Structure formats: C-alpha cells, structure tokens
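As written, the chain order gives the labels A, B, C and D, with residue 1 at the start of each chain.
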Amino acid sequence: MENLIAPLIAAPLLGAAVLLVGGRRLDRVGHWIGTLLSTASFVFGLILFADLLGKNAEHRTLTQHLWTWISVGGFQADVTFRLDQLSMTFVLLITGVGSLIHLYSVGYMEHDERRRRFFGYLNLFLAAMLLLVLADNYLLLYVGWEGVGLASYLLIGFWQHKPSAATAAKKAFLVNRVGDMGLSIAIMLMFTTFGSFAFGPVLSHTGDASEGKLTAIGLMLLLAACGKSAQVPLQSWLGDAMEGPTPVSALIHAATMVTAGVYLIVRSGAVFNAAPDAQLAVTVVGAVTLLFGAIVGCAKDDIKKALAGSTMSQIGYMVLAAGLGPIGYVFAIMHLVTHGFFKAGLFLGAGSVMHGMNDEVDMRRYGGLRKYMPVTFITFGLGYLAIIGFPGLSGFFSKDKIIEAAFAKGGTEGWILGGAALLGAAITAFYMTRVMLMTFFGEERWKNQPTRSPEAPSAEPAAETRGEHSEPHPHESPKVMTIPMIVLAVGSVFGGAFFSIGDRFLHWLEPVTGHSEGDSPLSATAVTGATMVCLVIGVAIAWARYGRKPVPAVAPRGSLLTRAARRDLFQDDFNHVVLVRGGEHLTRSLVYVDHTLVDGVVNGTAAGFGGLSGRLRRLQNGFARSYAVSMFGGAALLVAATLLMRAV
Amino acid sequence: MSAPAVHSLWTTAAEPISKIDAPKIEYGQLSPTLIVVGAALIGVLIEAFVPRKSRYYAQVFVSVVALCAAFAAVVALAADGYGTTKAHIAAMGAIAVDGPALFLQGTIVLAGLVGLFTFAERRLDPVAHGSRVDSFAAQAASVPGSDSEKAAVKAGFTTTEVFPLLLFAISGMLIFPAANDLLTLFVALEVFSLPLYLLCALARRKRLMSQEAAVKYFLLGAFASAFTLFGIALLYGYAGSVSYARIAQVVDGTVTDVDPALANTMGNDALLLIGGAMLVMGLLFKVGAVPFHMWTPDVYQGAPTPVTGFMAAATKVAAFGALLRLLYVVLPGLRWDWRPVMWAVAIITMLGGAIVAITQTDIKRLLAYSSIAHAGFILAGVIATSKDGVSSVLFYLAGYSFVTIGAFAVVTLVRDPGGEATHLSKWAGLGRRSPLVAAVFAVFLLAFAGIPLTSGFAGKFAVFKAAADGGAVPLVVIGVISSAIAAFFYIRVIVLMFFSEPKPEGPTVAVPSPLTMLAIGMGVAVTLVLGVAPQYFLDLANQAGVFVR
Amino acid sequence: MSFPLLTATAALPALGAVATAAVPAAQRTAAKWLALLVSLATLALAITVLLRFDPDGARYQLTESHAWIKDFGVRYELGVDGIAVALIALTAVLIPFIILAGWHDADPLETGSRRWRPTQGFFALILAVEAMVVISFEATDVFLFYIFFEAMLIPMYFLIGGFGDRAHEHGEETAATQRSYAAVKFLLYNLVGGLIMLAAVIGLYVVADNFSLQEIASARANGSLHMATSTERWLFLGFFFAFAVKAPLWPLHTWLPNAMQESTAPVAVLITAVVDKVGTFAMLRFCLQLFPEASRWATPVILVLALISIVYGALLAVGQRDIKRLVAYASISHFGFIIMGIFAMTSQGQSGATLYMVNHGISTAALMLVAGFLISRRGSRLIADYGGVQKVAPVLAGTFLIGGLATLSLPGLAPFVSEFLVLVGTFTRYPVIGIIATFGIVLAALYVLVLYQRTMTGPVKPEVSAMPDLRVRELVVVAPLIALLIFLGVYPKPVTDIVNPAVKQTMSDVHKKDPKPEVEAAK
Amino acid sequence: MNPVNYLYLAALLFTIGATGVLIRRNAIVVFMCIELMLNACNLAFVAFSRMHGNLDGQIIAFFTMVVAAAEVVVGLAIIVSLFRTRHSASVDDASLMKL
C-alpha cells in the first residue's frame, strides 16, 4: 500500500512536466489535464486514508524508500516518504482543496491565454507541497519547502507584465529565502548534533541532546516557519502576494502553503518539547502575529488584502497553539484544516465577486451584492460565520480549543496568551463583519461611480483580456466556480463539529503529536463564554460603523492606528528604508571599492612600473660620453665592491 | 730565464736561437677556427680579384661552405671525445679544447650560419636600378645622400665585404670562449669586435643612425677593452703569467715555485681583485649587463638588422662563454669575492632591462632591452658556480641565440617605403594582414617571455633551477618577478599585432627568399624542439659542462 | 602496454585543433563541424575513461608514465582519481555545447585580409584549451601539470582578446580596446600567479629532487622526505597563489569580470566553467597532497578569504548593470563556496566542493549561454536594455529562469546538493563561518531574481518586441544542460560515488577526520 | 728606480685617458685618450714584465700595439665617415638614438 505514496506526488508532478514542456499544442486541454491529475492524487489520498483507518492507531505509519539521494561520509539523505496521521491530514487537505481550486480556476482563468501554464504551476505546487508533508527527513522536506516557494513565486508573478506582480513575487521568494536559511541552518545543527536529519533518529533522540543545541534548532525552525507562514517579523510578503490570481491566493496563500510553518513546528514537536525557550518564542510570535494580522485586516479596503490579513492572524492562532506544546498541537492542526476550508471558501468567494465586478477589489466600490450573486453571498456568508467562530460552525470549535489551550498554558503566560487570543477573536469578528457588510450589504456603491482614484488598489489585469472597464454588471459566476465554493462552504460549516464530536480528530492525531490536557485556570465553558462576548462586541462595533451609516466611496483619512494598519504598521517602510536602501548603498559602495581599490592596486602597480620605466629610460640620453660615464662608474663600483667584499 | 715562465706560445721566441723548436700546434683540434679564418682570408682575396658581379655569390658560397665545414669539424671533435675525455689544452696552453668550448663554438658557428643567411638576403629591399640589393650600404665610404652614393646605388654596388667581416668576427668569437690565457682572450676580443664595429656602420638605409651606432659602439667598445687590457695587466702583475692555469694556481696558493724576486708583487690581492674586476667588467660590457649596457639599445637600433641579430646572438654566446671560463677556471678561488658582486649585477640587469623595456616604442630597442634582461637571467645561472650552472647557461645560450636571430629576421620582413618599419605603432594589426608572420613572431616573443613548451621556458627553468640549487633563492624570486614584468611588454607587442585594427597606411610584409625563411624556420624549430623535448640537448650541455683546467 | 586512454583523451582535441586551424578559409562551416565532431569524439573518450575507472580501485588509475626531461626530474605521468575523472567528464561534456553555442560567434567581420581566418582560429583555440585542461586534470607530475597550467593561458588569451560580442554599446573600436585590456589583464594576472608558482616548483625540486606527485606524497607520508616547516609553507603559498588567481579567490578576482564581460558567452563559459576549475582542482590535488601541514596551517586565512569571496561576490553581483559581469561576480561567489568546501577539511566539504565544480560548470553554462543568446539578439549586455522578454520569448525566458534557479541552488537542481554539502561540511567544523556563508543563498536569490525581473518581466520594451524565441540549435544547447541539472539534482549518486573514495584519500593525506556528532542517533 | 713607480705612472696615464674619454667631445680626441689608456696598459705590462723577470709582458705589449693599430684603422674609418656625413667630429652630435 505504501507504494501508493510516490504516485501521490508523481501525478501532479507529471502534470506540471507535461503542461510546461508540452507547449502550445496542449492549450485547449491543459487545464483539464491539470485538474484530472490533481484529482487523481486526491483519490490516491483517499485510498491511503481508508487504508490507514483500517489499521489500528499504532501502525498507521507507512514509509516508502525510493533511493538514496545524497551519501557522503556520515551525511545520508534518502528519498523516503513517511505517511502518518499528520501527513495524511495534510495530504487530504492539499489534494482536496487543491482539486476544488483547480476546478474553480478552469472557470476563473478561462479568458487568460496562458491558462495552460497556470495549471502547470498549480500542479507543480501540489507536487512540492505533497513532497513537503510526506518527506521523511528534513532535507527532503526542505526540497518541498523551497519547491512550494518556487511555485508561489511563479504564481504570484503569473501576470509578469505587471511590474507590481513581478516585484511581489520576488519579494515573496526573498523573504521566504530568509526563512529557508533558518531551515538549512537547523538541518546543519541537527547533523552536527544527531549525525542525521531524518525524522526518526532526530525526534527520538532529543532527550540525549543538550538543551542549548535543541533551543538553537527550535529557533531556526521557527525562523523557517515565520518565513513560510508569514509570521512576524517575516510576514511582509503575504499582503503583496495577493497580486497573484485569486485561486492562487485561496490555495497557496490561505489554505495550504502558508500553513507549512505550522506543520514544521508540529512535526518537530519533540524538539520543541525539549526546548521550552524555543517554545515560548513560538507562542510569542504566534500571539503577536494574530493581533498584527487582525489589526492590518481591519484597515484594508482591498478585499483580498483584508482576507490576507485575516489569514496571517488565523495562522497566528495555529502557531500560538503549536507553541503551546502537546496541549496545542492537535488543535493547531485542527484549526489549520478548518481554516483551510473556510478561508479558501472566502477567497474563492472574493474571486467570484471580483469576477462579477470587472476585477474590482476595492470594497468601497462594492455593496449590496447579495441580490446579484446569491450563491457567492451564501457561501461567503457561511465562511464568514465559520471564521468568526459562530457557534456550531467549524471555526467555533477549532478556535475555541486554541483559546482554551492558551489559558491552559498556565501562569501569567497563559493569561497573556489567552487574552491576546480573545482580543484577536474580537478583532476577527470586527474585520470580517466589515468585509461582509461592505461587500454584500449597504447601497450599491459601484453604480455611476466617478473615475477611479489613482491610488485605489487595482488588481487582476486579466480584465484587459476579460471585458471592458465600463460600469460593472454584477452577475453570478458559472457553475464550475460556484460548485467548489459550495463544497468548501459545507466543509466550513460541518468540519469543526465533525472533528470535535467525540474528539475524533484528537484521537486520530494524538499518536503522532501526543496530547496532554493543560490545567486551565478557566473552565472550558468560561472560555467559550468569553469568546462569545468578544465575538458579539466585534460584530456590534463593525455593524455600528459600516452597517448603520453608509460607507464612504473614498476611504476617510482615519485614525492614526487605521493609517498605520493600512501601511501594514509601517513594517514595509522599515524594510524599505533599512534593508533595500541600505543594501543598495552597500552594493554601490562595494562596486566602487572593487573598481578603485582592489582593481586600482593592480592597475596602480602596472602604472607604477610604467612610470619607473619612463624615468629610467631618460638615462639613455643618447650621448656616448654619458654612457662612458656609467661604464666608468660601474667599473669603479665593481672594483670597490670586490675590494669591499674582501675587506669584510 | 726561469723555466715556469717558458710555457706560453708567445714566449718561445725568447729561447736562445741555437735550439729553436717549432711551437707544437694541434691544427686538427683548432680546425673550426682555422677553417673560418681561412675562409675569411679567401673572402678578402675574392674582394680583391673576383669581378663585382659574381662577388656576392662567391662570398656567400665560400662563407656557407666554411661555416658548414667548421660545424662539421666541431661535431667531429666532439664525437671524438674532445668535449669530455680527451679534453685538454691545445696550442701550447693558448686555447682550451673542452666541452664548453666545443658546445659554444658549435652554437656560434650555427648562429653565424643563420646570421649569414639573413646577411645574404636580397629580396627584401626593392630592386634598385635592376639589381637586387641586400640591407647593406651600396658604398660605405660615400657620404649618405651624396652624388657618389647615388652613383654607387645606380651602379648596383653592394658591400660584399660584409661576408669576410662576418667570418672574421665569427673566428674571433670561436676563439673567445676557448681562450686559455688572457692575451689570447684579448686578441680574440678585438678580432671579433673590430669587424662588428664596421658592420654596424654599413646599413643601406638610415645611414646616419647606422654610423652613429658604429661610433658609439666603437668608442665604448674600445673604452671597455682598455679596461679589460688594464685588468689583464694587473692580473699579469699579480700572477706573473697570463695563463689561466697559472693564475688559478697562484690564486689558490697552490703554486709551487715562488721566485723570491716576485714575492713583493706576486700574490698581491689588490692587484688580483682590481684586475679581476676590470677584466670581468670588459666581459660584462660585451654581454650588455647593467650598468655596462647602455650601448646596447642604440647599437641594436642603428645597426643593420641582420647584423643586430647576429651580434645579439653570437656576441652573447661568446662573451658568456669567456665569462664562464674566467670565473670557473681562473677565479674559482675568488668565488666568495665575486659572487655577491655578480649577484648585484644580475639583479639590476634583470630588473633594469625588464623595466625600461616596458615603455619602448621601437621594436629593435625593445628587443635590445629584452636581451639585457636575458643577460641578467643568464648571469643568475653563471653565479650558480656548479656544473649544473654551466650546462644550464650553455643550454640557455643555445636556445636564446636562435630565438634572437629569428626574431630580428622577422623584423627585417616588416617594411614600409622608408625601409624596415621598426616603430611599434606600425606593427598594429599585423596579425590581420599576415597571420603567419605575426604568429611566428608571437612564438619568438612567447619564448622570450619564457612560456612553457618553448625553449625560453626550458632555459629559464634550467638556469633558475641551477641558481636555486646553488642557494640563490632570492635571485630566483627576483628573476621570476622580472620575467613577469618582461612578460608585460612581450604581450604588449602581441596585443598590438593581433587585437588592434590594422592601420590603412600600415607596413607591408615582404616575401623573403628561402634564406631568411630558413633562418626564421630554424629559429622556430629550435624554439619548439628545445621547448618540448629538450632532454637530448640538456644531455649535450651536461656532458659539455666541465672545463679543462 | 595498454592503450594510452588518457593521452588519447588529451591528444584528440589537440590534433583536432591543428586540423581545424588548417581548414582553408573558404570552408568555414567545415571547420565548425570538424571541431564539433572532434569534441564529441573526445566526449566519447572521456566517457570511456569514466567507465574504465573503478571508484574502489587504486587511487590513480589508467596511469601512464614515460621519461621526459630526466634532467629536470620530469616524467610524463598521467593518472586519474575520482575527482579528476569527474572534472574531465565535465570538460568533455561542456565543450560541444560551447562550440555549438558559439557557432556564429566567430564568423569573420569585413576587416582583415582573406588570410585572416578567425573562425578556424576560434574553434581551434577552444579545442586547444580543452586539450590542455584535460591533460592538466590528468597530470600526476607537478612539472607536467605546471607546463599546461601555464600554456593554457595562451589560447585563452587569444580567445578573450580576439573574439568579442558582435554588437557593443560603445562601437567596435572601444570594444577592441576593452577586449585587449581584458585579455592582457587575464594573462598578466595568471602569468604572475604562474611565475610565482614556477619559483615554488623550482623550490619543490630543490627539496624533493623530483616532480612525481605520488613519489613526493608517499615520501612525505613515510617521512623519508622532510620539509622544514617554513619551506613547506613558502612552497604552499607559491602554489596556492597561482591557484587562487585562477580560481579566482578574493582579492585576486578582478580579472574575471573583465574577461567574462568582454569575451563571447561561450568563451566566458569556457573560462569560468572549465579553465577556472583547474585552479580549484589543483588546490585539492596539489596543495593538500604535497603540503598537508601547510594547508592546515593556512586554512583559517583561506576560509576567511573564501567567505569574503562568497558574500562580496554576491553583493557585487547584485550591484552590476551588465548581465555578464553579474554572472561573473556570481561565479566568484560560487568559487568562494568551492574553496571553502575544500579547506573545510571534511568529507562533506570536499566531496561537496568537487560536486560543486561540476554543478557550477553546468549551471553557469546554462545561464551564461542563454544570456549569450539573449545578448546576441538585442546586441547589448546592459540589463536596463531589456524588459518583458518573457512575453515575446517564453522559452528563452523559461530556460533563463531555470539557469538562474540553478545558480541560486534551488533544491531539486544539481547545485543545491553541492552547496548544501559544502555548507554542512564547513558548518560541522566551523559553525560561525558556515552560518555566515548561508547568507550567500539569500543574496544569490536576490541577484538572480533581480536579473530575471529586470530582463524578463514587466512591460515589453519596444527594442525586444520583435525578439525571436530560442532557435533549434540553441535549444539543442540548453535542453541537455537543463536535463543534466535536474538529473544530478535528484540523483547525484553517480558523481558522489566516484568522488567519495578520492576525497577519503585526500582527507587522510591531510590527516583530518570528520568531527563526530554530539549524539550518535544515525542508525 | 723602483719599478713600482712605473706602475703608478701607468695608473695615472690610464686615469688621465679615461677622464679624457669622459670629458672630451671630439671623437678623435676621445679616441686618442683611449689609445693613451692602451699605452698605459703597455707600460704596466712592461713594468710587470721587468719585475717578474719574464718576457711575457713585453711580448704582450707588442701585441697590444698591433691590436691598437688595427683599432686605429677601424676607428678612424668610422670616425672619418661620421665626420664626412655630419661635418663635425663631435661625439655629442651623434645622438639621434636615445631613450
């Protein structure tokens, strides 16, 4: 049965190869090939899942060894796959959501002449992501890790003729590279510590290693996670990543890739368990990010950017949970899965809205769309309820558990983290309600709109290919797009309940991640109650600001905080000033140094000899008598020297 | 009369008339020299009696035959073992017949032969009034630009005297490294210098420069030989004899019969040191070592290019040969005195030659300075004072002389209306015009620069190796540095020839007669053979590495 | 006596060079085909060497030994270990692509007489370089190696100075002067290095009295040949200097940007992918084997210099405005990695370094050759002159991107394996240096992606709007290279298996062992 | 009289000759100075010959004379031709070639 793991990856990889090498002749069928292969991989996933369920909990780990990749001295890296409950969960999420989004893209990218390549990239992403979660050692994981980075680079920059897209893609890759640095250093540390970097040896020997080493490894892994999962301080790329086509944002930058960081941390749980300092760092990063993202999310008028902020914040929750150790691992993954459903749904909804609105992304130009695109409205609305944690929907279960766990951490830490989580919940409720209201309620601001203000965010120029820039005629999207949305909506409604009833998910995952009940200072009900209160407050404020009074079509200046949030709390400006400008100056000065100093020394020596030569040749003045003088002098010297030699 | 004094060819006349015994001369072993001298005399007779028309051919014929015969003789002697086992001192102590002597004589004769080819070249200069002319003045006596000169040119005169002069010079050079007493040394020095002075003055074009070169060369040369002679006098005063062996004995203090009468002067080290220094100075002048080098650029530039080539090659060989013999046979006991001094000379010669060459703009001057630098490299080998040193120098000289003649032969090919186009700017883009000539010249330059797979590298390696073995590591390092500097200007010429666009009014490359082709061809052949498979010649040099005492 | 395979591998291209040069002026195309065929035949021979080589056999195999210049203690001694085999294979693989890529680079300009035959010369010189590189990989006699190490400069020099990009932003006149400047700079730099090495070679002879690598190494090992510490260090420095110039190592690197910038892309590849490898190879074979103590003594300094090369080269690459210069500085950074790996003195480091030489050769070839195709289309090397190429020439852009990704050593492509091995190998012994070096991978991403963004993405520049996509010949050049990159990326075993034993030997030469991990967790 | 004095004289003459070569312009005079140096050498030879009581020195002196004569022949020929070309025998005028 484990022989089915490789095909799991191979299918989308094959798709990518065929679609990218195949060339124009595949243009007509390309997207169907892509969808087919990703679905195939999903089917493999289901078969394997069934197989795992058939086994009892202890034997639910399949490994498949293909070949030895690198072997030098003690350095041994195999191409081996490991399928256990954790990776299984991801496989299903990735291939499932992935296939849905493939389907959606068939409609969404219909008018793009480079659709074939788009699907090639999507397949490439699936393959890399699957490799990431199925790898049995960190180096192989690293391959997938950078592979998804590449795929996201290609997809963010898919509309390369847009400089903003190209820049965003580059930025995403670079920031991720910083994270990757962390991962590679972590691997080196593992090698020096354990003489190996395969999951088995490393995770089973954490007990024997010094805590210092483990903390170092943990922190490096955290750095990697920050890069991939857009956690503070490496979060800056996610907002710009929205330059990519919306399905990409849904799949890569909401459902799957950005959650890889969480996977890494949970997977390396053994390391973190043995390195409390590293764990603390993780929780802090998580808490900070969940607030950061939420705040940013509140201020964005670009619907995708707002959702991006929320993604950041939700992943913050997961990281926080993962940082809590065995208390939180399971819930981190659980939230990850539910989030995969509803956030993907939300993005697809947003895409559908834009699809109907000439790719308008400025929510201030939406309003009252519910009657024009009912399906989108309903699915989006369900996703909305799910994410804010409306009782009964999936977000409610998963997020609530995390908040509990945060308190269960105990001590002041517990209170702080829990408080942050609660606050986050409130803000989430606020900005999501804001999005909801601005998009589907209120008066129709897109009617007889003035010429768009230049600074207003303009998105997908596929518009050029796809119809005119006249007043939009909102309309529902075709089936091929709505069906995935519906499916995801269903998931986001029932997922949480399904997982939590009887702790299904807990029992499923526990063998891998381990689990322990913290001693919460608050009872579960208390936490839930608090969460509910926060939720209501958030919604209320949002309704007060955007539901009751009309939304101005041009963004008001807003409070200092708002403006800060619009500018991502100045994080980009900081990067720009410190890193970009500084880097430019550094390189420019180095170029100068290389040319004048290093090269100058060489040319200088040459010039020096030239000058010396010029001086010396003047002695050759053409007068025989001066030649005679030199001879005479020479003879004198010769004699003198000889005598001197004898004298001394 | 004290018996020991009576040992030398020159003093037999002092014997009482009654029992005169003819000096014993091993003609066979001196045959190379004698053949050349004889040919030279025949050449004089030809000048006297053969009608002008056929003189050229007669001269060339005689010279070629003579030189070939001389070389054959050298080879025969060597094969006969005179280079090794039978090595001894001939002509009553006047001339040594031993390895170095034969090796150098062979080199000189061959160099002379190749030089002769370039002398005899008559295709390069445009035909003057229906008669082919070589690169020598129509009539040396006539004033440049005067009617007499025009008349001479019109009459199609050529200075066929150059051939006997060449032969005389060669004969002198043959004796020079073989000379085994100071008088012979001096006579040989003059015998090959005087013809060269004259040859320098005989250029067909740019006669002013030619004459100036001759004057400078002559005056400075005479000046130098005066020093040499005084040095000889002092050494004679020191040792009471001019025979190398005798002086060496006195220097070593191994002399058996000290005549009390001489005690006051004999063994007076001041005499020895000053004399030795002056003598060495005379030789250093000939090899063109700094600071006695200043004549080289001017003379090389002014002299007719074939003469320059011959001079640059053969003179160096002969002079270094003599220097070796002097330092290894006469003054080895003085090693600790002259070595440091020679170190200094070698260093400033290497660096000076290389550095000044960088900014040269005339190809002949450039080659002159490069020859100075090479003199420095060879000196490094001379200083090694070991058998290796000797053989390495011999090898270097053999390789170097052919490269030099070849290079100057190429220079004669590049011409413009004013004669040879020696200014470097004129050489721009030569590689585009006539890739073959440029390539050949490039090969010579690379050999000069000591790039592997050329004789230059093998020689340089041999010399430096000997020097390093002799403990002169700093000398090697400086040698390496100066060869790096030298590489710079050789490369400059290559860049000029290949990488710069040819000038529209650039020079033309004359198609030479087989003679010059032969000269150049031999140059290339020797360069590559000595570069790729030097072993055989290294063996030769090794066997030839021992001086007879 | 068995068939002298190694000699043949070196002699074939040499003869081919002569033959190519002899092709009459009119038959230009014939010369090209001849050169191509010869290079392919050489490839065949190289593959035979690869197959005949037994990784677990004697250290040096297929050895040949003949007396040459016994006066200098020089023998004509050939023999290959795993490292040499790998590099010979690399050379033999790359040359055909170089020839094919340079197919039209040397078609004669109008100037010059009919006797001026640049095309024949161009391909003859390339083959000559191949011959010399191959034999210097094979030589196990220091002197023999030195001779070809030096002689190599001459054909390279003519290739750089004689043949440049067709179109030059400042016109042919300036181009010529800049070219010859670059050529002279290249030659003098390397000649100075070589001459200093010559002094060391002579010194070695004075000490060891022969030049046979094996004899000297074994004599040193069994103590029968003693070197004073200072002597050994001086000799080491003499050798290392030459190799560091060739490699090139900061601060001796400045000749490389000029040389690569001015020469045509194929020649640039020849320089950085093939010829420079001789330098790093020689460090591994000669410095470490002949002077183990001195090597260990110099390690810290060399590592720091290598580290500077890595960061410095990458930073300068970021700052370049000229595509070829950018690649050149990138190569400097990569050579930093190679040298670091060699002197980290761990098996991962040295195997990684060897693998790196191979991979860097292939990846640079891919990137540079595509860049060359790009430049030949637009007639400018300036990044600013491009933009939006991706839209008009997607295949070109794609291959260019893959080359770039290889250069930034993306996992899955060959360079990643070697780079990671070098990093790990360094890290295990020198953690700090390893970590700082890791910054190199971020900078690499920076310069590659900036280059790609500026040239390939964004709105289409009018000058490039009519740019044709890759032609068949060009695809034939690029596709195999990319295939090779991917293959060695996922399955480097064939190379590592050959290299590892040789590296084990070298490690024992320098009396170094891999540091042990803190916990013995592996199996 | 002590023969050593002759040596001093010889050295003196030699120096005078050398100085002459260095300071005089006229090629002829320079040449004469050289001849003077040669004669100084001869004097030295003869003196030494006397001191050593063997005839080598004297013989050498004769040879020197012969050589000097030959030198005169060649030298004068060159100098005269130079003079006829330039109408001046000044050594310094002949400085076309320099640097």
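Criterion: contacts are C-beta pairs under 8 Å (C-beta built on N, C-alpha and C of every residue); 3 or more make two chains touch, one makes a residue touch a chain.
Just so it is clear, the structure is predicted and the values come from calculations on it, not from any experiment.
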>> Closest chain to the protein's overall Cα mean, using per-chain Cα means, please.
In response: C
> B-D or A-B: which has the larger count of contacting C-beta pairs?
Replying inline: B-D
>> Suppose chain centres are the mean of their C-alpha atoms. Which chain sits farthest from subunit D?
In response: A
>> Can you compute the centre-to-centre distance for subunit B and subunit D, using the mean CA position of each chain? Integer Å is fine.
In response: 24
> What is the distance in Å between the mean C-alpha positions of subunit A and subunit B?
Replying inline: 81
> What is the distance, in whole Å, between the centres of subunit C and subunit D, each centre taken as the mean of its C-alpha atoms?
Replying inline: 65
> Roughly how many whole angstrom separate the Cα centroids of subunit A and subunit C?
Replying inline: 37
>> Please output the residue numbers of subunit A that touch at least 2 other chains, ranges allowed.
In response: 606, 617, 620, 622, 624, 628
> Can you list the residues of subunit B that touch 2 or more other chains?
Replying inline: 215-216, 219, 223, 227, 297-298, 488
> Can you list the residues of subunit C that touch 2 or more other chains?
Replying inline: 188
>> Per the touch rule above, enumerate the chain pairs that touch, sorted by label.
In response: A-B, A-C, A-D, B-C, B-D
> Where on subunit A does subunit D make contact in their complex?
Replying inline: 617-618, 620-625, 628-629, 632
> Which residues, counting only subunit A, touch subunit C once they are in their complex?
Replying inline: 20, 67-76, 79, 139, 142-143, 145-147, 150, 153, 157, 160-163, 165-167, 170, 173-174, 177-178, 180-181, 184-185, 187-188, 191-196, 198, 201-202, 204-205, 208-210, 213, 583, 586-588, 590-591, 594, 598-599, 602, 606
> What residues of subunit D sit close enough to touch subunit B in their complex?
Replying inline: 7, 10, 14, 17-18, 21, 27, 30-31, 34, 37-38, 40-41, 44-45, 47-49, 51-57, 59-60, 63-64, 67, 70-71, 74-75, 77-79, 81-82, 84-86, 91, 94-98
>> With touch defined as at the start, can you tell me which subunit B residues reach subunit D in the complex?
In response: 1-2, 5-6, 8, 10-11, 13-14, 140-141, 143-144, 183, 186-187, 190, 194, 197-198, 201, 207-209, 211-216, 218-219, 222-223, 226-227, 229-230, 232-234, 236-237, 240-242, 259, 261-262, 264-266, 297-298, 301-302
> Within the complex, which stretch of subunit C touches subunit B?
Replying inline: 67-72, 111-113, 115-117, 146-148, 150-151, 153-154, 157-158, 161-162, 173, 176-177, 179-180, 183-184, 187-188, 191-192, 195-196, 198-199, 202-203, 205-206
